[in-house]
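What follows is a set of structures to go through.
In the two assemblies presented below, chain A is common to both, partnered first by chain B and then by chain C.
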Partner chain A sequence: MAAASGSDLSSEMEVDAFRRLFPLCFHERHLLKSIRPDGRTLGKARDTIISLGAVTSANGSALTKIGCTTMLAAIKLEVMTPTVESPDEGCIAIDFHMPPICSPIVRPGRPADAAPVVAKQLSDTILSSGMIDLKELSLVSGKAAWMAYLDIYCLDADGSLFDAALLSAVAAFSHLQIPVVSLNDEGRIVLVSEDNGGGKLEKEPVNKEKRKLKLATIPFSLTCVLHKNYILADPTAEEESIMETLVTVVLDSSSQLVSLYKPGGPVLAHTSAIQDCVALTRQRLKELQKILNEAISDMEVD
Partner chain B sequence: MAGKGGATPATYSPSLTTVKGKKKPPIFADDANWVRSDGRHFHECRPAFLRTNAVNSASGSAYAEFGNTKVIVSVFGPRESKKAMMYSDVGRLNCNVSYTTFATVHRNQGSDSKELSSMLYKALEGAIILESFPKTTVDVFALVLESGGSDLPVIISCASLALADAGILLYDLVAAVSVPRLQAPLSICLRHFFSVAFYLVLEEVFP
Partner chain C sequence: MEYVNPEGLRLDGRRPLEMRQLRAEIGVVARADGSAVFEMGNTKVIAAIYGPREVQNKSQQINDQAVVRCEYSMANFSTGDRMRKPKHDRRSTEISLVIRQTMEACILTHLMPRSQIDIFVQVLQADGGTRSACINAATLALADAGIPMRDLVTSCAAGYLNTTPLLDLSYVEDSAGGPDVTVGILPKLDKVTLLQMDAKLPLDTFETVLQLAIEGCKAVANYIREILLENTKQLEFRRGV
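Take a look at the complex of A and B:
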């Protein structure tokens, strides 16, 4: 009924008004022509930009933009005592924040519904993908290890929050440089500053030079939204709110499946729809690998 | 916190400033021609980078970078006031300032700063024509991405830009500067006086 009344009025009212009053009808009109309101085809993701080293006070950082969705990830390293069960391993603490600046639905006292969901998804995906070997974060076996605090802030929320957040986390880890430290007389780990690097050191430095983490395999993701028989890749916030069925696929660098996430929704998907989503993710994986490698090589040139 | 199994273990930053017994060298000198650590004289401000429309989801927004201090401010509104609020025939202003966990040299908890939020409110309330949006609220949210000193003036300047970008009616833009006074007598000259409304933060500094 809404569709019928929509089409009656569409010739009489402005496009913007029609878009606000009958959003589903507006989008379906576009889908019939295999296009979306911003001009993309159904399987195409938005322009993606990665910029490394955005935060100077952090050990590793990255700013990513997928369309208008902007995420800033920063890693700060602190020293902790490793647990008794794993004396050779460090730890990673992942936190995702949606500050009030990012979206009109977030208020200072009322955090967004999506924030803890994305935080948990991110934490599970990164830790289970095998990207980071925690043994690389060890300093002195049984006594000191690195605790990497990864904080991701959403600066602008326009759909596909998980994709942008995962990409920024991965980019921040590839930018991370572990500083040179040594163990001082009191048993504390201290940074070796450049001033007394040539002179006498209290103890032998624990690691000789600033090093980067070896990332075994890098996970990339794509979120798709399902509506009737259509699959739309990389939805905007408007599309996500109208067509509520989301499917997120995470693949690693060798196109193996790390995670598949479909949290309910009005559309029940056949196997063929899921396979299409995985195929779209495989294409996106190649694009993202290229963009990330370009960003890393740009940093190294500088 | 330390010693609780399963809870976040206590961690410390390996930076040299956390080591006890090391005294920081004084940064002030008695010489009248003393130059600051980044090469600036007393009355020089850092070069500024300002951009509007940083955040697409907001009614208006701005990004400001003064040296290492980076701030994003979003303005939402005028929008419906909370149902609990009484009727008001002038508009309401709601300000909130928060820091990221990586904004300072040592990782902090990243909570809201109530003090800065109320100071931002006091700075902006005089410049906004509240009568132009009765019964509704304008929300100004600031996020400090990196704190390189003089945070409040940068937040205020960035917030006025964001309000202008949102199309909120203003009497004028608000510019702000922070002037620490050392014990030696100084003459400060505010050279770039581009607006009538300004907010001056005066502090006593004891070396």
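Take a look at the complex of A and C:
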């Protein structure tokens, strides 16, 4: 094994080559000292940034970055007729895309393996967490309701895709503003544009002003990777590819468990390991709540 | 409809010979070999380059030069109404081909035989001129990836509405049904590599509009050079030179 000390160019080359040729060994040497190659401690997540309103043409949007992993989420609202079973409810359609720009392993023409998995996970988590009351998306009972299309694009895939995607979805929903609409003579819903709003309207607008959705409880998640006895929070793509056992824990804002996901993997975990993951998620929940609230209050000042 | 009002201002307040505001940033996708974001007004495009790397489909390998592949796709939310099929419709396939052939002309492919260069372009917001923004973003990303090129490729579009030549059309002006001339040039070599036009235009007016578009391309080239110079200074600074 090459020595990793020394600062001249030849030793630097050795370290890079060692990292490529023996990645597991490289990471384990760091774990023995309770640190990771990028300098983080085992339980620490990367720097997280949320930026609301990234896409001006959408009704709600957010750009989130966890370390280098970048997700862009945008919500577009369209009017549809609600189903007969639930005439008072709107609908949410969640779609997750991994375009070839995000990672060298995604080939054009062939969707990434991870994309449909994350899409399904996201869909299940958001709809089952009770964050959004579908009744708020209703316009005219039985006749018209909002269909919210949430599209999340991964612009850079560097591990923890589900965490970043969930955070961007949640941020986009908190930024969402439902536009003002009214019923015209033919019974169709039309957008009330700001120019002639308040002037000559045939019928009263269905909702008086642009309103935001009330989010009941907001789910936050943390993905951890398990390796022997170590638990690494918020893995990068390199760590995910070497140590394949992932555990994703989703908690809502009152620290109740929304979802737990461990899709197999070479490491079998005791319940103590799972409880440690939940504890790490609880800490991360506080950080994320703070970051999201700051982002929302920054928007409101504008 | 009036696209140029009597005072000579367009719908968004620009003068006929004025381009939209340009904004570019390099190195936005950490995992890519080269990447860039390019904005022309409200049109926002992100380009990522992967390569030169091993050819994925061995049957396409060329023994004396690199294979260049390009994919253009639009995000579902990029246009006003949500798009249903953003990737493999005819327009996207055509633009992918156009971008590939434009960039292939300027990359020195014979320096990288038996390898593949992938150019991926994703439109995040579309407000007219997406083709040009994609080519400009791809040029910046190729420069960021350090891929040898003959020259930068810059692109700009111009049109002719209300008997006035207009530079850098927005979506509203583009969908007015007037002619739309898209030009891509190699600025230092002063050569035209891409020229597309639709709708009818008399030849002498065409010459004027073409010259206007070429001027626009040169302005974009100056901006791109500034960005690249700034980026190099930053890299030198970080290396401690």
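Just so it is clear, the second predicted complex is superposed on the first by the 289 of 302 C-alpha atoms of A that agree within 3 Å, B and C clash if a C-alpha of one lies under 4 Å from a C-alpha of the other, contacts with A are read in each partner's own complex, and residues count from 1 in each chain.
Basically, a residue touches a chain if its C-beta (ideal position, glycine included) is under 8 Å from a C-beta of that chain, and two chains touch if they have at least 3 such contacts.
Predicted, not measured: the structure shown is a model, and the values here were computed from it.
Participant: With everything superposed onto chain A, say whether chain B and chain C fit together or clash.
Facilitator: Clash.
Participant: Contacts for A:101 in the overlay, against chain B (first) and chain C (second): which applies, first, second, both or neither?
Facilitator: both
Participant: Now for A:17: first (chain B), second (chain C), both, or neither, which partner does it touch?
Facilitator: A:17 contacts neither chain B nor chain C.
Participant: Spot which of chain B and chain C makes contact with more residues of chain A, would you?
Facilitator: Touching more of chain A: B.
Participant: Where does A:35 make contact in the superposed view: on chain B (first), on chain C (second), on both, or on neither?
Facilitator: Neither partner.
Participant: For A:179, decide between first (touching chain B), second (touching chain C), both and neither.
Facilitator: Only chain B is touched by A:179; chain C is not.
Participant: What is the contact status of A:55 with respect to chain B (first) and chain C (second): first, second, both, or neither?
Facilitator: Touch status of A:55: both partners.
Participant: Do chain B and chain C touch any of the same residues on chain A, and if so, which?
Facilitator: Dual-contact residues (chain A): 55-58, 61, 68, 70, 72, 74, 76, 78, 95, 97, 99-104, 107-108, 149, 151, 153, 155-158, 237.
Participant: In the complex formed with chain A, which residues of chain C make contact?
Facilitator: So the residues of chain C touching chain A come out as 28-32, 35, 42, 46-48, 50, 53, 56, 69, 71, 73, 75-80, 82, 118, 120-122, 124-125.
Participant: Which residues, counting only chain A, touch chain C once they are in their complex?
Facilitator: Chain A reaches chain C through residues 55-58, 61, 68, 70, 72, 74-76, 78, 95, 97, 99-104, 107-108, 149, 151, 153, 155-158, 237.
Participant: What does chain B use to touch chain A in their complex?
Facilitator: Those residues of chain B that touch chain A are 8-16, 19, 54-58, 61, 68, 72-74, 76, 79, 96, 98, 100-105, 107, 110, 112, 139, 141-143, 145-146.
Participant: Which bits of chain A are touching chain B when the two form their complex?
Facilitator: 55-58, 61, 68, 70, 72, 74, 76-81, 83, 91, 93, 95, 97, 99-104, 107-108, 147, 149, 151, 153, 155-158, 179, 181, 184, 188-191, 193, 237
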